[in-house]
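Before anything else, here is the set of structures, which you'll find just below.
Here come two complexes built around chain A, the first alongside chain B, the second alongside chain C.
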Partner chain A sequence: MSEKSGISSKYRKVAYYPGCALEGTGHAYNRSTKAVGKALGLDLVELKNWNCCGAMEVKNIDPKLQTFLSARNLKIAEEMGFATVMAPCNGCYHNLKKAEYDLAHDPATRETVEMLSAKAGDVAYQPGHVSTIHALDWIREAIGEEGLRARVRNSLKGLKIANYYGCMYTRPRHIFPEKDQGPGSESTNAPHFMDDLLAAAGAENVEYPLKTACCGGAHTLSDSNTSTRLVLNLLTTAEACGADVIATECPTCHSGLELHQARAAKVFGTVTHVKILYFTQLLGMALGLSARRVGVHENLSDARDLLRARGLG
Partner chain B sequence: MPIHEKSLIRPESLLRQEKLVLDGVDVSGDWSTFIESRVVTDYNEQMEEEIAALPGGEFIHRCWQCGSCTNSCTVNAINPEFNPRYWIYLIRLGMEQELLRDKDIIWQCVSCNKCTYACPRDVMPEGVMKATAHWLELKGHTTPSPAMVFDEVFSDQVFATGKIEEGRLMRGFFARTGQKLTEDWFVRLIRGLVTRLPLGLLARLGWAAVRHPRTRGWRRRRQAMTDYVAEQQVMHRAALRLPPATERRR
Partner chain C sequence: MSPLARADTIAAMPEAALAEQAVPLAQALLEASESVLEDWLRGHGQVPGSGEIEGFRLLALHRQAARGTPSFNACRESCRELIFQCNMARVSDDTAARARRLRLAAMVARHLALFVAGKLENAGLGEFCCSARDLRGRDEGGVGGTMEVKHG
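Entry: the complex of A and B
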């Protein structure tokens, strides 16, 4: 940490991989992530001419193609001179981590990626050059809980939050070698980085047992009833835990929760009132940014009344 | 009762006798229920190898039937028939007919990876579910599931442009599955959003839908990837002892 700013130099300036969802349905996440970075004095440099990470869908067609797609983004970060790339989307984050792991541990994957890269006219990415971090790691590492607490201008005091991490941030364990390393590291079983940050911003985190349960995001459209049931479980549990807001860190989870909250009301007749906000939106407002600046009006789940009533935004 | 004997007590295998005399003794009432005798002979001895030849199925041989996968499974919690451990058991034994009873739900795996997280033998059951769904389709046991269609529409767009534009993805998926985009709860939701969104963002999203965001210089990568997919499809069919495909489905 540099003495004056309290900002860790390691993550002061990192490569930024928004991914496809953050340019569409997850636009509010993109907007709030950038706004929070700016408010904290951190620099995000977007990867030049990036491509889709392969998501779950290309992986289902062939996992090695997904590795090829993700590895190309890692190569771009390397060529731009970055040792760290930050991906706020759980899917992108997961895939870049998985590509790094598979390239380092599976010779068959490395061979296929090298073959595909050669055909495509690219230089293949070699593992070990770029590490991928999530937006949570980024803020927590660069600013820290103490640093955040010192910068809060509009405390989230009184806001009860259920922190929802989803599947891709912690599973499977082997692609996240830095997690489960004892005190200070993230836990794959009971993740807490988002809880820590929001607590530092003044929020009251509720005990939420479904932090890493599945929202059914993979089948949002192809098996809507399963997704709606899974989401409804998340929503009703959050309400039972006393939460006003579910904080999310993934555009697929976020839009899944919003869409299926509306669908559940219509199709199953179960109405839930808990609001869904990206954790970056909550942090942004705590840092004194307006609700509009962090894109609250872009969410399907309209939280503006709740936030106004709590004196936020 | 071991999991693989479950089939013996299905309602259609139970024989009920109202009146029963055995060796001259009337045992009606005491011995009213029997199970049909059954000998399994129709094994597909290649089944495990076939699944292992498809992406995700590589480590099925490691399974020792502890049941951690089913115990942790998201879908099993809402549908007890969804049972990865049982399916892995059937595949390893080659009990194809028994597996086919569940052919229409295997694709419903949501890839939450709880099974892969819980598995003490690194079987990667999530991958096995994908391989099995893929196998069912290649063998002609099922038509392409909605999830598989979604994967294909999605991947085709990534191969073509390098990126995903969600509006186009949804239209493509609904067109191929013959669904309407106009369910009233969905329309109301979008309408509510549109009244709140700033004009600038709306214009941007509209422009993206027309222009299709794409990665520059993608042509050679597209070629490399689509060639690879075609090669893999040939290999998969050969591993399953299927004749070469006459045409690509898409």
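Entry: the complex of A and C
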């Protein structure tokens, strides 16, 4: 922590890689992330001319090409003078971390990335120059739980939240060397950063045993029923745990939960009522921002009545 | 009874019955989940092992099933969570807590069964999972591995 502001100077200003989803289905996540950053006095500088990270698809065909895509984004961050890039999407975050790991440990990957970079007329990214963080790391490290607690203007008190991290935030373990480092670090088998931040904002986190379980996101198009069944189990379990809201930190998980909640009602006749909100939307409202400012109206899962009833937004 | 049906049945039991039979029901959930992983292994031409990791066959079966199939690690934490909830159900002195732990365990067992069933159904389509190995690498090397990139 630094100076009078209580903001860690390390993360006061970071490079921002929103990724494709945040310009489409995850627009509310983009909007709320930027709004929270501004409210906290943090600067996000979007990468210039960034490209898609390849999401889940490119690696199934050509993993080294996928590494090149992420390496290019890391190089852009470096050329813009940043040592840290923040990616709020689990897929982007995972791919940037994986690129960093593969470039540091696999000479063949390095060779391919250098060759592709040269063909594109660029200098290849060399590992170790830029570190990748998630939006959860960013807020937690820059502001801290105490700092956040001090800034809360509209407590989330009374709101019961199941925190859902999805499977890519912590998996595979070896690409996240900073995790599982004891007290204060994130855990790969029981992540808690989102729980910590929302608790600091006054929310009551429920015990949710499926916080890192698969949502079937990758099967959404190839086998929608599998995805719907998995999501339905996530939703019914959250309700059984007493949650009013499932908090998310990934646009793919978020839209999967929203879409399959609607599909489960239509196809399987099972209606669930738990609301789905990005953690940045919840934090934003706790910081005194309006529901509209953090894009609650953009969500498919309409939480406006619940939020109004709790005096939020 | 299928593992899914067993999990559903346990989740729907009244609190008193859950608390009274917590130990055998916890064991039933673990065995049902082991049978899910056995199906996956047999479906892939393997013989399920009888070993244990940290005292649990479920963890050993998961490790066996995930070998060469990184995407299967998406259910590793579900296995560990299931064991955690079953352990808590066994040791708790409180009736309501025991029942609650068993219900949570049943929901996790259900997720495991759905996940593996979904993957089995989709096995013919290839692995379009977040951490899957590349498809062409599988064609070349049998169970994944690094493919040769030819971008010349």
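As a convention for this text, the second predicted complex is superposed on the first by the 313 of 313 C-alpha atoms of A that agree within 3 Å, B and C clash if a C-alpha of one lies under 4 Å from a C-alpha of the other, contacts with A are read in each partner's own complex, and residues count from 1 in each chain.
Assume a residue touches a chain if its C-beta (ideal position, glycine included) is under 8 Å from a C-beta of that chain, and two chains touch if they have at least 3 such contacts.
All values reported here derive from a predicted model rather than from experimental measurement.
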Q) Is the arrangement of chain B and chain C around the shared chain A a clash or a fit after superposition? A) clash
**Q.** Which superposed partner A:Thr237 touches (first chain B, second chain C, both, neither)
**A.** second
Q. Once the shared chain is lined up, is A:Leu69 touching chain B (first), chain C (second), both, or neither of them?
A. first
(Q) Touch test for A:Ile161: chain B only (first), chain C only (second), both, or neither? (A) neither
**Q.** Partner chain in contact with A:Glu23 - chain B first, chain C second, else both or neither
**A.** first
Q. Between chain B (first) and chain C (second), which does A:His219 come into contact with in this model arrangement: first, second, both, or neither?
A. both
Q: Considering only touches as defined above, state whether A:Glu298 meets chain B (first), chain C (second), both or neither.
A: first
(Q) Looking at A:Gly91 after the superposition, I want to know if it touches chain B, chain C, both of them or none. Which is it: first, second, both, neither? (A) second
Q) Where does A:Glu207 make contact in the superposed view: on chain B (first), on chain C (second), on both, or on neither? A) second
Q | More chain A residues in contact [chain B versus chain C] | A | B
Q. Chain C: which of 6-14, 24-32, 42-50 or 96-104 bumps into chain B?
A. 42-50
Q) Considering each complex separately, which residues of chain A are in contact with chain B in the first and with chain C in the second? A) 56-57, 60-65, 112, 116, 119, 167-168, 171-172, 213-214, 216-219, 222-223, 226-227, 229-230
Q. In their shared complex, at which residues does chain A touch chain B?
A. 20-21, 23-25, 27, 49-52, 54-58, 60-65, 68-69, 72, 112, 116, 119-122, 167-168, 170-173, 188, 213-214, 216-219, 221-223, 226-227, 229-230, 259, 262-263, 265-267, 297-298, 300, 302
**Q.** Residues on chain A engaged by chain C in the complex (per definition of touch)
**A.** 56-57, 59-65, 91, 94, 108, 112, 115-116, 119, 167-168, 171-172, 189, 207, 209-210, 212-214, 216-219, 222-223, 226-227, 229-230, 233-234, 236-237, 240-241
(Q) List the residues on chain B that touch chain A in their complex, please. (A) 55-56, 74-75, 78, 108, 110-114, 116-117, 124, 127, 130, 145-152, 154-155, 158, 162-167, 170, 173-174, 177, 184-186, 188-189, 192-193, 196-198, 201, 205, 208, 213, 215-218, 220-221, 223-225, 227-229, 232
Q | Contact set on chain C toward chain A in their complex | A | 70, 73-75, 77-78, 80-81, 85, 103-105, 107-108, 110-111, 114-115, 117-118, 121-122, 125-137, 146-147, 149, 151
